[in-house]
């Protein structure tokens, strides 16, 4: 019981805390690649603090959906984050169903998209429409990757998967590398990054995610941004802890937790660098070309499955 | 024996005449001559019945012959002529599906079809060749009557066709098996009623509905006033 | 006790039908209320009967009536039947509450009376179908169910659209009945009994044929693609309370039949499972894609019914496949997932149809492009619809997710299947399943957004009013059920003794709720000071509804991506001013979406039949001579044949 | 005493017919009500006689030479006919009044109409009582005659054409049946000295008749009686006649159809005794199945209510024929049951269509506007009648279809599937028609035709009868049908 409470608090606090940092780091890396200095690493935190102090303004046309969406968003994403152990592997079992994990994120997205439509502005509608379309076509990819993971690791429980890879090694599960590719693409899509989306611009041609939250203001926007960061962190955590679980604490010891937190921070920052570099290398793909990009991920997942089936 | 053979020959000759009359019914265009041919045909039938009577001495055959003469040679043609007198048409010129010539050729083919069908029958029932011939001609006559019904346009002609069919059936019954007498009488009565009715209908089709209804209410039995 | 409750429920329904059918003078709303009240009493009696059966796990067989020496109307209540009756009655109760006010909103007095009467018969026959102990009774009530619902579909009979729906519905429903007859009578041929019991001693091919017949029969009624075409028409044309019943309950009766056949009567083979899986997947994916394209709110929901039936059929298919490989846990997951989803779909789909009915009644249109902004005028309806949308989009923690996740779990266990081919098939189907589920979410974002959010796009939508209380209570109860069945799904499954590897949604919901609460607390000060104002719109002077994203705009990207499915037919016609056809003087062009199933399967079949029928009719429209010729030819043929044969 | 039954049936009809003829002839201004009262009286007495006959000790010969006899089968058919007769007699009270009022029939012809109407049931009853097959043939012919008279009293030229079609099609076919009678008579000599045409004697002596030759006789007889029973391809008169005939006539003509089927069943029974099933069964099934299919196809996309009903009649006749051809006692039982149910369904449909014709002066579906407001009873009659015709439960046709199909499924699989497809077409045809008919836009300007009680009562009675028969198979009916089946040698 104590273990569970400790896990809940620690894991949640850590995820919430580290998310803005990761977001800022990606921005920083991209700035470096473009020859700029970029914002300070703590800019994410500053932004949140600033937004929390700002006034909330609602559009005249909006309804309770707009008001509720940020709360629901953060609620569901934090709930999802609970399912991805970062600080240590909890003793409680059966809390980390990967399908539930994915669908919690979909739920968050669902309400975000509704909020985008709520005010009746063209931007919001466009964002929602694109977001839901992309999420629909990425979903088979995601699920197939998950199926591949479940196949390889013989489990659908995230902590259990982590435990399996933690106690084994990558050489035991060579196909995980293939899955990692598709997971990476899934992360790119889900976190609204180039070449799928461009979080930097506010140009209607390119943006998806930003367009949806355009009408949000003040603390509400902060909640939205924060939940976006959380989403990115937990998705990264999922792939990190499967591919490279080194350092993850198997149980709740003080030292182990410190090691776990430090090692994860290092890994996630490294991942952020990779994402940043990747983003800088790519150009935005046309919306209707995206399905073929996703097919690449689907191919990796399927290849994994077929490989495992024949092996 | 000789007598029987002589009877056979006569019957054969009469049968040929019968076929001839049917062919005439198929081709004849004038309605009055059609009636005459029909009367003649019925008379031949009656003659065949009589000849058979001389051979078999069944009283019912005699009655049959008399009944036929009474009803088909006298009453029906007379009735038809009276009806024709008040109808605007005198001739039936149109043919459908078949020309007269092809009708006749088809009839010849039908003859073989019927023959083939009935040989099976005669073999197991031990019917003599003459009787088989009579039966086959009877059925063929019926089919030829049907040909008339389908290939001629005027209802009066169709009635003649129907009567020809009926003659064929009668011929068939003469050669295969006579019915109990009471049944025969009922059949003739029934036939008469049908003919009267269809004749009235035939009248109706070529006249106004009012005139038709007037005639219908009198069952067509009264002549034009 | 059970029997008394069961029969009492039946009597109550019959009385209800009688009260409203007999009619009377003047306003009949009191009469119809009495009838609907009786309906509710009746279904509550059924609910209790079924609750007892489920709790005691008792079996009850009794004969109601021996219609002929060989055939009797007999009933058999076991847990499966009780479960389905429970679905029927609980949903029906809510629909009846909803109907209190809904039936009064349109139609003449007598038409309303007939509608309530036919509805009572419809409900009664659905329950009796499920309770039937033999195929005679089954088909007896099945037909009653079909025809009473046909009457209900024809409620607005003057509309051309209703006529089309009626014809489709009647033909397809007869099609279904005939296949059931085929299956049932074939079974009778080989087993000698009409009882719905295990049929032993069938050869494999016979069993396969019987199964196929039943599958087509039940599949048609359930709306499995390609036998689905009646469903969108009928659901759209029917009054909304009836659509709720048809979509929520009636098509589940077909599922009941399928489950019963697979579970108790025949012993399924692997290929049956594959068949079910393939048809289920096609229905699920195509259903939702068609729904995305649809702008008629009720048709949209109808296509989602097809999708959800697809999900249920997928579940059954998985069950058969896993059962054949003796993977008991997976098989159980699939079967109970399918059954659970049947319940869930009954709940949220009737909820959605009822709220859609309220919306349609308020705006007098079914076209979602002409709605919009209703969340302000009809907030309660919107909230209920939102819960229904979230549930049907399989969002945790609602019930739609609870059942779909069971199927996901089953799918993810597919690696245990020894045959690689089957496994690949399963994983491919899984991808389709995931696609379908995500598209459903997209579709309901579109539906909810277009109907309730942003600015009203028509005069009617602007002046809509909130639905009356009874039209909120009915769906409201179901909305609550959506939440409870979702959040406590794990506990409920545990409670009824099913130990299946399903995720526990409760703790996650608690965490989400806590965070939600914390966030609200954190922002509460700012929220109190929140300002409502015009937001930035890129310099637009004043925003109007013309500028909004419409439903078609919303689904455009997906439609483009799936454009191979939405093939179009272009008809172009040009007129030229000169002989050489070089100067165009005018012309016209049309682009139609190709209704594949309608234009390539249904209509050609109908045309073919019609052509033959025309030919046959032509043979009759002839004069006497030709008739005599027919006889002549037949007689000659007979004579020839006799000459040959004897 | 036995003979008195015949006298009872015959004298009554003849007296009333004669009275009608004479009244019509010499007092042409007579009100139709008087005729009609006479007719209703006759029909009530007929029903009484039929019931009395049915409960009396059967079978028995009614005259010395065994030409006429009554067994359960005959009594059953007479009962059905009497019920139809009673219903249509009552219905005609209102219908004929309306015809007269609109000048569709002339007052001077009323006597003829009612006279023939009075005689037609007699002819039918005699047909059902005939033991002698030639006699049966004669009565079948006579039934054509009286139907035709009923048909042509109406003031429309098309009726004459229809009547001609009726006469020529059935009579030519019946002449071939007569050839069959003769052949049968000749055949019977091999088994009975001197020959016989009595059904009872033929049944008794069946073992002596060579099966092959019986086929021959049967085929010819079948041609004729199939024409009376409206079996494809001898059915072509039926749609024409039903469309032109007033509804009352159509209903009573349903009994004529029954007579044709009755004769076929009787003859088939002999064939079964003879041991000729091998040939007869496929023959009947072929013709039956073709009837179902052709009728089903012809029924689709019809615009004329009465034509739809007529083709449905052909389809039902086909079904009965198929059921007979299955040669199983169960199928035969349900075929017989179906005859009763079908008679009521047809009555219901025609009565309702009749009211529609009065209301809209047309049989076409597109004339039907605001039916529920104008003629609720007839509308429901048409709907429920159609539902019954396609075999909806709680109505008798369903029971018959279900049972016959179940026999079919166990005996002849391909046939079973084909017949199912046929039923689908029929259902589609009916549905297409009804849906189109009742989805016409309402027209509030049409005044309702004040349907007299006499036209409503038969519809209600037929409806009640149908539901009763569909939900409850009385013990006596079960016994009766079983007796018939065993009497027929199954």
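Think of it as A, B, C and D in the order they're written, each chain with its own count starting at 1.
Just so it is clear, a residue touches a chain if its C-beta (ideal position, glycine included) is under 8 Å from a C-beta of that chain, and two chains touch if they have at least 3 such contacts.
Model, not experiment: these values are computed from the prediction.
Participant: Please state which pair of chains has more C-beta contact pairs than any other pair.
Facilitator: Greatest number of C-beta pairs in contact occurs for A-C.
Participant: Suppose every chain is reduced to the average of its Cα atoms; which one is closest to the average of all protein Cα atoms?
Facilitator: Chain closest to the assembly's C-alpha mean: C.
Participant: Just curious, how far off is subunit C from subunit B if you go by their C-alpha centres, in Å?
Facilitator: Here the centre of subunit C sits 68 Å away from the centre of subunit B.
Participant: What is the distance in Å between the mean C-alpha positions of subunit A and subunit C?
Facilitator: 36
Participant: Taking each chain's centre as its mean C-alpha position, how far apart are subunit A and subunit B in Å?
Facilitator: About 100 Å, centre to centre.
Participant: Please work out the Cα centroid separation of subunit B and subunit D, and write it as a whole number of Å.
Facilitator: That gives a centre separation of 31 Å.
Participant: Among all residues of subunit B, which ones touch two or more of the remaining chains?
Facilitator: Each of 117, 120-121, 146, 149, 158 in subunit B touches at least two other chains.
Participant: For subunit A, write out the residues touching at least two other chains, lowest number first.
Facilitator: Residues: none.
Participant: Give the residues of subunit D touching no fewer than two other chains, as numbers and ranges.
Facilitator: Touching at least two other chains: 161, 164, 168, 172, 176, 212-213, 216.
Participant: Going by the touch rule stated at the top, which chains touch which?
Facilitator: A-C, B-C, B-D, C-D
Participant: Taking the complex as given, what residues does subunit B use to touch subunit C?
Facilitator: Per the touch definition, subunit B meets subunit C at residues 96-97, 110, 113-114, 116-117, 119-121, 143, 146-147, 149-151, 153, 158.
Participant: Okay, in this complex, where on subunit C does subunit B touch?
Facilitator: 624-626, 628-629, 631-632, 635-636, 639-640, 642-643, 646
Participant: Please give the residue numbers of subunit B that touch subunit D in the complex, ascending.
Facilitator: Of all residues in subunit B, those touching subunit D are 117, 120-121, 124-125, 138-139, 142, 145-146, 149, 155, 158, 162, 165-166, 168-169, 172-173, 176-177, 179-180, 183, 186-187, 190, 193-194, 197-198, 201-202, 204-205, 209, 212-213, 216-217.
Participant: Can you list the subunit C residues touching subunit D in their complex?
Facilitator: Interface residues on subunit C, with respect to subunit D: 67-71, 110-111, 136, 139-141, 143-144, 147, 154, 157-160, 162-163, 166-167, 170-171, 174-175, 178, 181-182, 185-186, 188-189, 194, 609-610, 612-614, 616-617, 619-620, 622-624, 627-628, 630-631, 634-635, 638, 642, 645-646.
Participant: Using the touch definition up top, name the residues of subunit D that touch subunit B in the complex.
Facilitator: Contacts found on subunit D: 24-25, 106, 108-109, 112, 132, 134-135, 138, 141-142, 144-145, 148-149, 152-153, 155-157, 160-161, 163-164, 167-168, 171-172, 175-176, 178-179, 181-183, 185-187, 189-190, 195, 197, 210, 212-213, 216.
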